[in-house]
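Note that the chains are named A, B, C and D in the order they appear, and that numbering of residues resets to 1 at the start of each chain.
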Amino acid sequence: MLEVKNLQVGFEEAGKITWAVKNSSFSVSAGEILGIVGESGSGKSMTAMAIMGLWPADAIVRGQLYFQGRKIDFAQHKAWQELRGVMMGMVFQDPTSTLNPLYPVGQTVAEALCYHKKIPLEEAKRKALKLFTSLGILPAATRAQQYPHQLSGGLKQRVALAAAICCKPSLLIADEPTTALDVTVQAQILNLLTAYVREENSALLLISHDLGVIAQTADRVLVMCRGVIVEEAPVIKLFKHPLHPYTQLLMNSLPRLDRNVLHNIEKNGTAASSVGCVFAGRCQYCREFCLLEEPALKTITENRKVCCHFPLTKGRSS
Amino acid sequence: MKSALVRRFLQTVIVLFGVSVVTFLVMHAAPGHPLQANPELRLDPTAIERWLQLRQLDQPLIFQYLAWLSRVFRGDFGESLLYNRPVLELMGERLPSTLLLTLSAFALAMFLAVAVGIKIATQQNSWLDRLVCTISLAGISVPNFWLGMVLVLLFAYRFPILPAVGMRTPGDGSILDILQHMLLPLLVMVAGNFARYVRYVRSAVLDVMQQDYVKAARARGLGENEILYRHVLPNAAMPIITVAALSLPMLFTGAMVAEYVFAWPGLGRFIITSTMARDYPVIMTVNLYTASLVAIANFIADVLYLLIDPRLR
Amino acid sequence: MRSNISLFTGLILIAFLVTLAILAPVIATHDPATTSAEKWLQPPSSEHFFGTDRLGRDIFSRVLYGARVSLSVGMLSTFVSLGIGTLLGLLASYYGGLVDVIIMRFADVVLVFPSMLLAITLVSIFEPALWLVILVIAGTGWPSIARLVRSEVLRLRQSDFVASARLLGAKNRRVVWRHLLPNAIGPVLVAATLCVPAAVMTEASLSYLGLGVQPPTPTWGNMLRDAQLYLRFAWWYAFFPGFFVFITVFAFHLTGEGLRQALGLSQTARRGWRAGS
Amino acid sequence: MGNLLEVKNIVYTYGRIAAVDGVSLALGDSDSLGLVGESGSGKSTLGRCIAGLLTPQRGRILYQGKLINGRLHKEIQLVFQDSFAALNPRMKVEALVEEGLIIHKTADKEKRRRQVREMLQTVGVDPALLSRFPHQLSGGQRQRVALARTLILNPRLIILDEPVSSLDVTTGMRLLSLLQDLKVKHNLVYIFISHDLAVVRQICSRVAVMYAGKIVEIGDVEAVFARPVHFYTKLLLDAHPIPDPEQRKKINIRGEAADLLSPPSGCRFHPRCPAADQRCRRIPPPFVEVTDNHRVACHKAISS
């Protein structure tokens, strides 16, 4: 469905380019939920923006992108315009700022339908109402007339979702879609996203910093750290047996309902290194070699890739 | 919506009341007798007599104010000391020529500013953007009367292709003649206003273009035109409406200095000549009229805000 | 980067103009008041850099002395309106209630009079004089400062860092001096920088109309008034004084613009007008 | 065991919205209380009332037996959620941490400087950052500076308003671990406000669950998490995503958070409660003790 090869996104400052995304390659197939997890600054949002062709004006983007077998040229904004909304949809983090405050929410959805499907407004409005009902924006007719500021965060995110999927895109990107929401609403939104993928057999790129959300929703996971994909694995295998020390750190750092995990936290500070492994400065298993040589993403077994010189083994002795 | 409207309306009424008090007090502070002492002014002695009588100086201040206010409400703004004719009549005679100039200047400047402002906002930091920004900064820094003089120097004296002053050549009154006379004052006014407006349009559009909902609209695949006209411009309209509303009174009072430079027979020049002649009834009326126009223009802008933005309702 | 360039250029220009004004007696090649019957309306030359006027006075020297008037009117009136505006803005936001309503409605009333109209009205009532021009300009300039100060204080008072200081036990004086003022000063500074060019322009316009500073004091405005009659014969007479008004106003606008960008303030957010309503 | 803090039936309203609507709780000398609930449940408002930043319209707040309604107390401090907004952008780290000492005139310049350095060490901030401005720090560092700023006054009770919610997980957990150490070392009592139950689990001994301005369940963390009684607590626990793909939950959640402008009659949770009946719709449930120290406001808790 979507294949990304050697994607690089960087920003130039004072003649020096800092890369927010370094040489990332991955793919996602129809009906699959690919989770991307990482901390802030790991480049996960920038990856999504690059795929959507929505990077900031001052960014430098390189690499290849294949969408349903068709190559997309980064230089050609026109090609993207035909894909966005129809073939690719996106849900953002903050539903309050992503809906135009001046229009009733029904109109926002109807507008997209009207534009892409070239159908009359009345028909688009009817379709939007149907979509609202199926997404639980009830009572649909009343909600459609309301303005964003009159709706709760959860309802606004449902509207944003409706606007993103109204033309049934085969690739949906959700960038931290539940971070701004309460946990009960989060569960509802994740259910809707999953249901859409299963019904339409489309692909979902779910970006989140929350391993819990990823564990509950994704089929396959990419772990990103400072612009690099450090691990890629099916979700069950990843959680059962992480290969990269960073993945392990993320999992150990996650507050859990069933036990106290504070004792697991190592307390060494963070140090950045310009050469070698991106995680070397924070890695508790770091060796001298890691500081000198940058590891490559290598395949360990089928479906499992890791970017580490000394991947973890089950007993932890490398 | 209604309550917000009522509150704004009441605020406007309070401001209008304040305007009347301030105008009255300022005029009351004006010395009465230097009028007669200054023979240069050549005022009509009977008119001065009537003006002094009307002011009822022997009465307490509050009565003087109320008496004046009641005359104002009856549409009686007094008579000019200079012309010995009703002020309203004099102002009415000059309004058309002012409107001709100001309306065309406003429309032209606003149209250009919106077009250029949007253009440069969509290509921020391009050479065109920088050029327009620098020119507009220079534009708001040029004294318009000096710009007028320089234009007259160039186009009336050095290359005599346009008339320097006035509205029509004596004996001629054709539209073409008026247009020729209008060109230089129009140029001066458009230059200044365009510079002011374009900066607002640019920054208003830029502010909106950075909003997440514009990015989201793009992610929905809407074309750049739809995004601009349906999402950016309606949201950028508010600051533009504010500037437009603040310009509205200028339409009816004329650009005073510009009219003076070009001896354009409009309200603006009338205001200045009356002020220099200390034609108090005129000054008072003009102040009241202008300030009220501004207050009403602000009220209209507020109503427009309410209509555009559902969050304010 | 760009903001620093405009700020830098603006400040250099201002420093240059201020130096000219201060050193006018040293730099001037002639006495600005000395008339000369045989040397009237001479074009620029090595003797008279900017030519001479209708009475044979040296325009270059008069422009230098005019800078003194323009800059002092601009700066003094800005100081006065800054003082009044800050004081009233603080009072309104501090006491709130009726005090706030009275001050802010009064500001509204002053704001609806176009400043030029109010200025010529006030000047026409009293005898035109330098101090009157300063007071009149300050009198029309304070309301926007007051509005700005008020809205900044109200905004900052709600901020978490003020709450945090109060939790530590900070009293009003500390909150105002250490927390409110340092954070409010940026926008007010920008507004003040933009007050100066407006004042310079108003003074020039008033003097041009004959309602400002009176001859024989040389100001750019009344030089332009004189020049208007001789426009056809002596371009230099009108050109140089006007050009200096332009450069002065431009320099302050440039500085204000640069300052605003350096402080990261948006243009639409800056407007004191209708900030409170 | 005397109560360090007692909150009795306080009400705080913003205009027509009662953000905190009759909340009572007591805090022992060594308890740390987690205050959880969804946005709009009133937990932050309650925290600000206790800190003295807001004055409740009704009810009483007692600290060590003394009434402190609407008054600030040196021993009660608050750490804000957004460290960026809570630190004056025009002050350097040193001045920020030092401020409390200056206000209370506790030491001379030399001693203050030493104390500031020590305090920064305590919270794990490199003293090399002393002359940085807040915007030059990372989120974790800012939150530590904010903590140092309050700790320097030797408070007893610290209200932590979502201190880790804007931080990355690893940074957040390191901060939590620091908070845990400080609690022991400085004998502190925390009121930890969070929307994340799992975070509260790590650091608190007791937990109170708020819904629509009211506390619906309060008890020891172990007990409440193991055997939640109120249906809202159950819902919150259920909705919390477990980081284990082999335990996927399919949960059905009804409705939306209550509208505080017109709160539901009876039990405020009844429109979303799977077990609600006529009584729940009409009568607000009383607060009852289910086991030791575990109290719940739910009709069903009494009957079962």
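The definition used in the following text is that a contact is a pair of C-beta atoms (placed from the backbone, for glycine too) under 8 Å apart; a residue touches a chain by one contact, two chains touch by 3 or more.
Worth saying up front: this structure is predicted, and the values here are computed from it rather than measured.
Peer 1: Give the chains in contact with both chain A and chain D, ordered by label.
Peer 2: none
Peer 1: B-C versus C-D: which has more C-beta pairs touching?
Peer 2: B-C
Peer 1: What whole-number Å value describes the gap between the mean CA coordinates of chain A and chain B?
Peer 2: Each chain's C-alpha centroid was found; their separation is 53 Å.
Peer 1: Using CA atom averages as chain centres, what separation in Å is found between chain B and chain C?
Peer 2: 21
Peer 1: Make each chain a node and each touching pair an edge, then name the shape: line, ring, star, complete, other.
Peer 2: ring
Peer 1: What are the touching chain pairs in this one?
Peer 2: Between chains, contact exists in these pairs: A-B, A-D, B-C, C-D.
Peer 1: Inside the complex, what are the residues of chain B that reach chain C?
Peer 2: Residues 8, 11, 14-15, 18-19, 22, 26-27, 29-31, 130, 137-138, 140-143, 145-146, 149-150, 152-153, 157, 199-200, 203-204, 207, 239, 242, 246, 249-250, 253, 256-257, 260-261, 271-272, 275-276, 278, 283, 286-287, 290-292, 294-295, 298, 302.
Peer 1: With touch defined as at the start, can you tell me which chain D residues reach chain A in the complex?
Peer 2: Residues in contact with chain A: 38-39, 124, 168-174, 176-177, 180, 195-199, 201-203, 225, 235-246, 248-251, 253, 256-257.
Peer 1: Which residues of chain C touch chain B once you look at their complex with the stated criterion?
Peer 2: Against chain B, the touching part of chain C is residues 2, 105-106, 108-114, 116-118, 120-122, 124-125, 197, 201, 204-205, 208-211, 224, 227-228, 231-232, 235, 238-239, 242-243, 245-246, 249-250, 253-254, 257, 266-268, 271, 273-274, 277.
Peer 1: In the complex formed with chain B, which residues of chain A make contact?
Peer 2: 52, 54, 57, 81-86, 88-90, 92, 94, 97-102, 111-112, 115-116, 147, 149, 160, 163-164, 167
Peer 1: State the interface residues of chain B toward chain A in the complex, per the touch definition above.
Peer 2: My answer: residues 124, 211-213, 215-223, 226, 230-231, 234-235, 308-311.
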